[in-house]
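We call the chains A, B, C, D, E and F, going by the order they appear; numbering starts again at 1 in every chain.
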Amino acid sequence: MKILAINSNMNRAITDKIRDVARGLASPGTTVDAVCAEWGVPAIEGSYDAAFAALATVELVKRHERDYDAFIVVCYSDPGLYAARELTNKPVYGIAQSSMLAACTFGHRFSILSPLDRFRPVLESLVRFYGLEALCASVRTVNMDVRQSFDDLKAANTAFALEARRAVEEDGAEVICLGGAVFAGRDRAIGEEAGGVVCIDGLSAALKQAEAYHALGYTSSKVGLFETPRAKVRTLPGGVEI
Amino acid sequence: MKILAINSNMNRAITDKIRDVARGLASPGTTVDAVCAEWGVPAIEGSYDAAFAALATVELVKRHERDYDAFIVVCYSDPGLYAARELTNKPVYGIAQSSMLAACTFGHRFSILSPLDRFRPVLESLVRFYGLEALCASVRTVNMDVRQSFDDLKAANTAFALEARRAVEEDGAEVICLGGAVFAGRDRAIGEEAGGVVCIDGLSAALKQAEAYHALGYTSSKVGLFETPRAKVRTLPGGVEI
Amino acid sequence: MKILAINSNMNRAITDKIRDVARGLASPGTTVDAVCAEWGVPAIEGSYDAAFAALATVELVKRHERDYDAFIVVCYSDPGLYAARELTNKPVYGIAQSSMLAACTFGHRFSILSPLDRFRPVLESLVRFYGLEALCASVRTVNMDVRQSFDDLKAANTAFALEARRAVEEDGAEVICLGGAVFAGRDRAIGEEAGGVVCIDGLSAALKQAEAYHALGYTSSKVGLFETPRAKVRTLPGGVEI
Amino acid sequence: MKILAINSNMNRAITDKIRDVARGLASPGTTVDAVCAEWGVPAIEGSYDAAFAALATVELVKRHERDYDAFIVVCYSDPGLYAARELTNKPVYGIAQSSMLAACTFGHRFSILSPLDRFRPVLESLVRFYGLEALCASVRTVNMDVRQSFDDLKAANTAFALEARRAVEEDGAEVICLGGAVFAGRDRAIGEEAGGVVCIDGLSAALKQAEAYHALGYTSSKVGLFETPRAKVRTLPGGVEI
Amino acid sequence: MKILAINSNMNRAITDKIRDVARGLASPGTTVDAVCAEWGVPAIEGSYDAAFAALATVELVKRHERDYDAFIVVCYSDPGLYAARELTNKPVYGIAQSSMLAACTFGHRFSILSPLDRFRPVLESLVRFYGLEALCASVRTVNMDVRQSFDDLKAANTAFALEARRAVEEDGAEVICLGGAVFAGRDRAIGEEAGGVVCIDGLSAALKQAEAYHALGYTSSKVGLFETPRAKVRTLPGGVEI
Amino acid sequence: MKILAINSNMNRAITDKIRDVARGLASPGTTVDAVCAEWGVPAIEGSYDAAFAALATVELVKRHERDYDAFIVVCYSDPGLYAARELTNKPVYGIAQSSMLAACTFGHRFSILSPLDRFRPVLESLVRFYGLEALCASVRTVNMDVRQSFDDLKAANTAFALEARRAVEEDGAEVICLGGAVFAGRDRAIGEEAGGVVCIDGLSAALKQAEAYHALGYTSSKVGLFETPRAKVRTLPGGVEI
């Protein structure tokens, strides 16, 4: 199968990292490509940024729709996820939702870690939007920005490991979702540094779910929320039709 | 005070209607302008359309930010509402949220009517996102598209009045939210045709709330979800910086 | 329009304050009167006091029903609010509910402050009764009684400002509802003292909502919970018919 | 032990029935008296009536506080229940809450039946207030008034039995709460007519709970919601101090 | 009436204690016997242990079904409770559920105390399973095992009293459920040591509820969740039919 | 990897079917074995049957713990799932939970179909236990027993396809979970017969999730609910130690 990982921001270094991690985890027979947004924002740090990222993501899904069997939105607020699910009959995964659903299998309640403080209410809203609030022990942040947590891996891992332990000890979390594309492939390292806590990486979870459900032929329902959009003229700024 | 009503789609006729209704309701001393999206979609009929509308809306808020005291997003899924609240220190209203909050004052539970069948799950998700699911009796639709409901006012009114009665009798609704910009100013007519059911028009509710809270100096909190976005380069397609 | 603010307790000084604040905020064309309970309790500090206050409030609504266009119950547990909504076809506002609904527009989650410790479970129950528990971050109190917080304004403001900050920092609140009639008109001062937190005063919110929805002709639904009471003989103690 | 059953309305015939049923069920050693409201309303049919009934009930609890070991508020919206729990250190039961808590033991979800249509939203609100909404399958009514259901026992039983079956078959109810003082002692008859559905009578449940918990010395917590009211002058209309 | 208390674990000393406490509380005319599991586990400390205890409990209910009027499962995770309710037409009580439902009468929110830390998530799940999460302030534990808390009564009482106060002061609990069969009959002592907090013992609550509802003829609904199991061959290990 | 599928009942024919379906879906490198309960019940039709099945399942997990990398409990009430997760460090999947979590990816709300009417409340309770009630549109049944639905495949498929359509049209379901081991491998056929509804088979979902998460090294958290049981003597009936 062919999977396209879409980094919803414009950061090429993170996109390269995403590609490497995903290819490293892909089963034989799975091809993974990774692209990043061609316009929009260098990092997604709230709803305003997400408004750009959502449309940039959806545009990429539309452009590549025929060439892939599944899409992964690789940004931990899943920008454009539901729009993309409408647009294509192929399954579309978001790393936030995928990590939360994986977490539900491995523990009674999960916590989400995010680098950026201001992402706490964003992610609390997202958990609620997905209907999983009874299963979420807390959202915790470590006051780093996305850039920092990518540039100084060691410090970010340690900060996350520490916060993971707090989530376990103070909030009753049993599983940790690593909230950010920059944490792709770091689940094991952070889990170990946290003393054996189960940590879920959204990209890893989404990639393996994509393979798993592809084998079963499962895809987005086309009745209800993800019904195919009606044909109509849609334009981007500058009047480009899409 | 000066209010800008932003029609998130590109339909000029509806925009004109919005302007007329809003000006008709404005208190002395309130100026209302109305603009519509300059790109995006002619009508918003799901999450895919909303991805365009959200960014087009936000762009308009940004462009006009200094010139108005409050903004109203006039599309009954509130596209871009939270992004806009981040962007500006001025209050931003969404006709869906405004109608629901008004409804909470006048009855125990409200139902939302929408022309388009496929909007039902969209609005159910929105109610949940706003944390109001305990207060929402149902979302009902009448299988018309937005265009139809605007072109054939009489038929649309009748269809809505009928569905309003059903919501009251079958779902336990006590108040009806008219879910759509095309219903601007039709609350009284539909309520009467429904035999006296209290109907809330989102544009009317948003406009009067904007005036009311302006008088008190209330605006979006800048701690938490609506914190001001960080400065960074953001681009639209074609590379235009914004 | 003509609005009657009903102080559900018998404290004339607070009633005078309510009248002053309300008149100061009223739009041109709005007349506000304020009365207080003629029997019952000097301050409402729990469900027992509220049982007196509710009936005293309802009696006043009944007596003045024809003379006003809207009523505001000015006590932060909204005693008699639903009874009054049954009784009259005019809209009736409660400062607690009005403040909470206003708060929902300006932030993701609100906290309520109350002077009296024992009001915490009362207000938690009220939030639940209104179906808004997903939106309420916390109820916090400062261990003053109502009298104290009125007599020593400066101390009360400071205590509230401090607690507002704690609600923001520890509970994730983004907006603060000032829980008490004695805080009428103090929203700006407390918000500033708290370093810019958005504070909502229930009386202000209710008054402006009353004007806003009056302009639209909205009033309590008469199907369901607020259906007009049946005609029957009802008596007060001593056998007075009402 | 000595129990006082307080009929919150002024209907003496129902009060006599309550006394008879309660005495018939009382264990050896239990004395039951029954009184009815001395002012207020002949029947409680909504929040307006309940405002009278609550204070009339509380006044009776206060007057008889020293003479009984437990009190039962016998009206299926539990008017004044929380106020009475504040007032006295003795346990106070409400037939609505007692019936719901009993129902939780005998089935997965309960439905409440009430004679009067307009009681449906009142009871839905009450279920929510008690935090039991996950356990309540539905509230159903049969369009009789309280008087009718008392005067024509046979018709009322049959209407209730029919509605009980519907609650089981259509709503997934497993246990039925008979919502009204007039159904005191009719649980077995209605259950049988409904083909063996478990029906709970609130008065019976409250009475036996009162005996059960009296034996254990359990009573209302005096920290939090039911904390003893502060000493203060409280007056009834006419200025009578209480 | 005849009641059988079933200790779901194999500890005879605790069983003797259960018998003594229950007989001490039984009304005249009530006979109580107590048995313990004949196989399974010496103490129930999680879901694995509960899998043994549930079947061992159910086997005992089946064996003694004809000889008793009601059964009490005496282990604070109610193992086998729902299975037993299916099996017999007689009422079956679980000390956890009985204590929670009793607690709902005496305060706004309850906390559960349990000796063993690892029981916290087990009991949180149970509260949720019973649909009572809105009423539960917290589950707290004191890091003792069941054995310890039975062997060193004084230390266990003190640890519980301390934790009860914390639940009241930090979590807003108003009533405490003593989570464990070993606390049978210790409710008053712990409550006093905690400075007057209302403490509920599950065995006491279940016993008195059993008497109370027996007098009314109430028993498990046989429509829905507790429907009588179909006849079929069921075997225990070794092939013994049951 | 090596997976053991455990049919919690004693039906060998269904076990053979499970083995065939699972092997047909397994990726290269995955070995699947299937065993059934050696004692207990021929079919699981409620909580009483589940008490047998849970322990029989757990016993099998214990016996085979060293020989497999993952376990799947193949009975649509997941008997013994949480006990098994405690017992082993290897991941354990339940077909009910796996199907629900898969469904969350493909639609806004899912419905569960089950052959047996009396399973409706059982599955409603399970959905609640898993914290997914906001995502579950309904549980529907078709009044067949498990045996029938296995023996007459064609009729069962048709009944399920019909009910799936009803769930979509009447309840707002977007995805259907096929609730029963007998439906292993029938997802595509039923989905097509239902006109293209996305149907999820729990065995298929669990198997592919097992492979997916095995590749990532994810397993049950050992802090909290699934903490390893303490060492102690545990016995089966007859005194066999386990």
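In this text, a residue touches a chain if its C-beta (ideal position, glycine included) is under 8 Å from a C-beta of that chain, and two chains touch if they have at least 3 such contacts.
Quantities reported herein were computed from a predicted structural model and do not represent experimental measurements.
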Chain-contact steps, minimal, separating subunit D from subunit C: 1
Chain of greatest Cα-centre distance to subunit B: E
Proportion of interface numbers common to subunit D and subunit E (over half same, under half different): same
Chain of greatest Cα-centre distance to subunit A: D
Centre-to-centre distance between subunit F and subunit E (centres being mean Cα positions), rounded to whole Å: 29
Length of the line joining the C-alpha centres of subunit B and subunit E, rounded to whole Å: 52
Between subunit D and subunit B, distance of the C-alpha-averaged centres to the nearest whole Å: 44
Subunit B, residues touching no fewer than two other chains: 108-109, 120-121, 125, 128, 131, 133-134, 172, 174, 224-225
Touch-based graph of the chains, sorted into line, ring, star, complete or other: other
Interchain contacts (touch definition) - all pairs: A-B, A-C, A-E, A-F, B-C, B-D, B-F, C-D, C-E, D-E, D-F, E-F
Subunit A partner contacts - residues on subunit B that touch it in the complex: 38-43, 45-52, 54-56, 58-59, 80, 82-87, 118, 120-122, 125, 128-129, 131, 224-225, 227, 229-230, 232-240
Residue ranges of subunit B touching subunit C (in the complex, touch as defined): 25, 27-28, 91, 93, 97-98, 101-102, 104-109, 130-135, 168, 172, 174-175, 187-188, 196-198, 200-201, 204-205, 208-209, 211-213, 215-226
Parts of subunit D lying in touch with subunit F, wherever the complex brings them together: 108-109, 134, 172, 174
Contacting residues of subunit E [partner subunit A, same complex]: 120-121, 124-125, 128, 133
